[in-house]
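Across the two complexes that follow, chain A remains constant while its partner is chain B and subsequently chain C.
This part shows the complex of A and B:
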């Protein structure tokens, strides 16, 4: 009688494969794998290689010679390195004008008027143009003999100094050229951001008595936080890796007065065959960017958590 | 005192006239509802009153002052938007106090006003939350709270309930009515939902194509519509319209025959200024609740299609022999059955007559009843 209790027969386990049981783990890995392989081969491996190269002396061909921290020692005593670093800081600070100018232009262009799309695309144009072309165009602008600026101020009785040939002004001349496309890029970011601002909210703010500057600061800018964040990030990275404009406009000159880290590195590697020394500059630039990128990623993660 | 007066107000967007001359008065403390089909200009009119939209011509008086060219924030109006339009980066308290902060009102007073409004709306526990952490109904309350704290002379609502689900809409409807009694301010409310209009309004303004079709109390509009458009727009399900012909006119009464029920004459009293001649094509309007579906009488025979039984009542969507759509209301216990033929019994007292332009010819049932009561 005690055996009367009947237990339900456990259902026979269905035949499953290893993949079907672990689908949720395996599939994402499969999707990530190709990108990860490429990223490792073309980004991570070269980074490691560059860092290790910075401890060698090497002409690009022939044997490498281990020199330890000698390259860095030389680098920190090199006045051109410090000049390039200071110039990079100029770039960084002045480039932050790009988000500000971009915002101003975006606010100005964010209206529904006939032909505004054409105007917007014209403003965006410099971003589409190759940096090389931007550099060439500005070089011609600055030309003291037949350049546009010289021609414009000549009737006023002013004479344009040779900006790109001046040790004091060359860097700023190049930075202004760089600001042109960068501003266009920030403008597009802000225009997109402005598009997603609820117009009823702006009207509500108007009814609440917020106008002009107070409307911008209290209501519009907080809505553009995401755009501002990206604009600043892209601008700072752009400033740190500035290279093509320097290469095309001044080649770092005159007397290295407009040199920046990226160009100095290129110069050492390609023209002076000091691969190890160039690698050490690259490593320093990499470390500077790292600090910044870590801050960027932490902000990004925090923001993502906040939005959930 | 904050009565609103519009005189011949017009609005054009370029060559397009949106508001084509509106005269309107809202008394102090009145709850006025603008209704009309989409694109009739009701929202535009509201935005013109609060100053978000300019007035092309005409005059707008609020509390006796000409506000036509006064800045939106200085008109003493507060608006509640359909999308709530809360500031997403601010907490509820900050949202509600933003206008006061912009007006540089002392902080103690701001806090007092926010607390009072939060109490009225029962959102005190939400004051530190951000809009995205709240439900639609709660956001709606905050939007109303933002209007209350400004202590405006006039509240403006632009379809405030249309983003809420049906149950919440009914609840907020009741609450808005309660709020109106509590605050006693003038309120103007735009909606396309005629149930909201009927239940909340002291005065309904029916708009179409930028013109006022009729202004009156909900019951006035329901029982004594000035034209076929108002008759059809107010009431749900809408009024039935049937083509008919005037057969006999006598001493302020007209007898008409509905197409498809020629042997049954409907006799209705005419308005004093109505001109009807024999043989004129007219339209007979009668509401579903005044059409009884019975079997075996010699009124209008209709074929029953879909029947919606709502529990308390049932609506039958029928077709007459001449192909006219007719809706019948009936008791829910014994509704007409799908596919059967019933006779729609017409009650003369509740019939309206409209001429081919849609103008009302008949004296309304309500007016008739009032006369009966007086006699």
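This part shows the complex of A and C:
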């Protein structure tokens, strides 16, 4: 016994358990597991299920019937699908006005005068308001009998047509409502970007005689690349996701003239119980969106690869 | 600075700018001004077609009182709170863990997992709609708050993880290394080193998530059926039917619905914008 105590007790070997040997691998897995499980269950797996469902005929209950590509055959012969797709393209193209208008407003507001902070916030706040409220507001705004636009142009002897009840104009009426908060979003992205533009480069360019438009295009815009990239991504995604405004303002009408893929899908699933057909519309929308998602990811991860 | 500071231009241009600013603001906010003005209009004026003229009286209090007493708007608001608050906490909890896992450790496949979280965040809701609805039916939680909360937690975790991972990756890594060399456990590093440093990111995410989830219309529409469980966004569509010709009351209801996120935005503006413009100022 005394022999034992005369030697210093060797320290307990610390890195013996499986966990302590591998903790730099196990810890991140434990940290990520709960989020990943939830995300897989509610996002990733449902995507796979939806794509698979698009090859079946199903009414929401009862057995599913395999129909191969039949849903897609029907879809490509469905005039409402094409109408909705064209409208989605209108959304996409016109929504790209949001980054442009957002940049113009940001340039207009990028000054240091009294009260400018409040003005910037007030310009931004349509983005904070629910799309349902935006939809309701614009519905009144457009109303030919009691809307504000009609009231404003009446003294000029003009009569406002019923925008949301017109097959030609309904889509554009809804898109303009959507542009309002989207422009506010792009504006705030550009205001932040303008904040970090290198002032020395601007001064140097000014000394070289560049001003106005040329200064903007050659010196400022290249430095706003990050803001432009994010603005375009969120705008494209926003345009393809358009649902709330269509649902509250027109429900796709009149006669499907303002329908979009997202709403047509919902309509088929919830009101016509055509789950397989609805899933095929969702799959098409998903494939279109993938182009942008992949583009975004590639740009993003290219910058990430170098980091820790 | 671009454009050139207005102070450097002539007095007359400065004056023009100062006049143009409020005018453009009024035009920009015209839809919002219209709804506020309508919310204060009396039923008498509405019935007599006086929609935009000078009101015979201001009836804000009457209209708001009427909306609260004649509609379940208070319940809708409460439902929105019940759905929104736990969803925010859930998403922040999961994404802080996952963000730390992705930012602080090197392991195979971390880019794939990171990319999945980002990509999932951008998918159209319609591709999730039928299976998620079915899943809540299978779990027996369809038409409950829990269905919407669980979905929001799962979905918003994508964006929040993206955000937290980038924020944590920008922290000085030496802090973690020195804690490790002193034998501090990984879990304790997260609690005592990382969490105190990510507080601003959590604040930014919380306000952002509040508006996203509060304003969401689609998922309660898909997952909730009972009127008494509806959040305010869905409730507004009910009010739209109820107040079909009382625009003043519908306007008052819309204002009430818009108010919480707007107040949150003005109170937490700096955090809100920091969250929203993440990455916009990088080169």
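To be clear about the criterion, the second predicted complex is superposed on the first by the 284 of 308 C-alpha atoms of A that agree within 3 Å, B and C clash if a C-alpha of one lies under 4 Å from a C-alpha of the other, contacts with A are read in each partner's own complex, and residues count from 1 in each chain.
Assume contacts are C-beta pairs under 8 Å (C-beta built on N, C-alpha and C of every residue); 3 or more make two chains touch, one makes a residue touch a chain.
What you are looking at is a predicted structure, and each value in this text was computed from that prediction instead of being measured.
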{"item": "Room on chain A for both chain B and chain C (clash or fit)", "value": "fit"}
{"item": "Partner chain(s) touched by A:24 [first = chain B, second = chain C, both, neither]", "value": "second"}
{"item": "Partner chain in contact with A:104 - chain B first, chain C second, else both or neither", "value": "neither"}
{"item": "Contacts of A:209 with chain B and chain C, given as first, second, both or neither", "value": "first"}
{"item": "Touched partner set for A:94, first chain B, second chain C, both or neither", "value": "neither"}
{"item": "Touched partner set for A:223, first chain B, second chain C, both or neither", "value": "both"}
{"item": "Touched chain A residues, chain B compared with chain C", "value": "C"}
{"item": "Touched partner set for A:165, first chain B, second chain C, both or neither", "value": "neither"}
{"item": "Which superposed partner A:200 touches (first chain B, second chain C, both, neither)", "value": "first"}
{"item": "Chain B and chain C, minimum CA distance [Å, superposed model]", "value": "7"}
{"item": "Set intersection of chain A contacts, chain C complex versus chain B complex", "value": "219, 223, 225"}
{"item": "Chain C to chain A touching residues, read off their complex", "value": "1-3, 5-7, 17-18, 21, 24-25, 28-32, 34-35, 38, 49, 51-52, 94-95, 97-98, 100-107, 110-111, 113-120, 122-132, 135, 150-151, 153-155, 157-158, 161, 169, 173, 186-187, 190, 211, 214-215, 217-218, 221-222, 232-233, 236-237, 240, 247, 250-251, 254, 257-258, 261-262, 264-266, 269, 273, 276-277, 279-283"}
{"item": "Partner chain A, residues of chain B touching it in the complex", "value": "50-52, 72-74, 77-79, 81-83, 85-89, 98-99, 102-103, 146, 150"}
{"item": "Contact set on chain A toward chain B in their complex", "value": "198, 200-201, 203-211, 214, 218-219, 222-223, 225"}
{"item": "Residues of chain A touching chain C in the complex", "value": "23-25, 27-32, 34-36, 38-39, 41-47, 49-51, 53, 105, 107-108, 110-113, 116, 119, 121-126, 128-134, 136-138, 140-141, 146, 148, 151, 180, 185, 188-190, 192-197, 199, 202, 215-216, 219-220, 223, 225-227, 230, 237, 240-241, 243-244, 247-248, 261-262, 265-266, 269-270, 275, 278-279, 281-283, 285-286, 289, 292-293, 296-297, 300-301, 304-305, 307-308"}
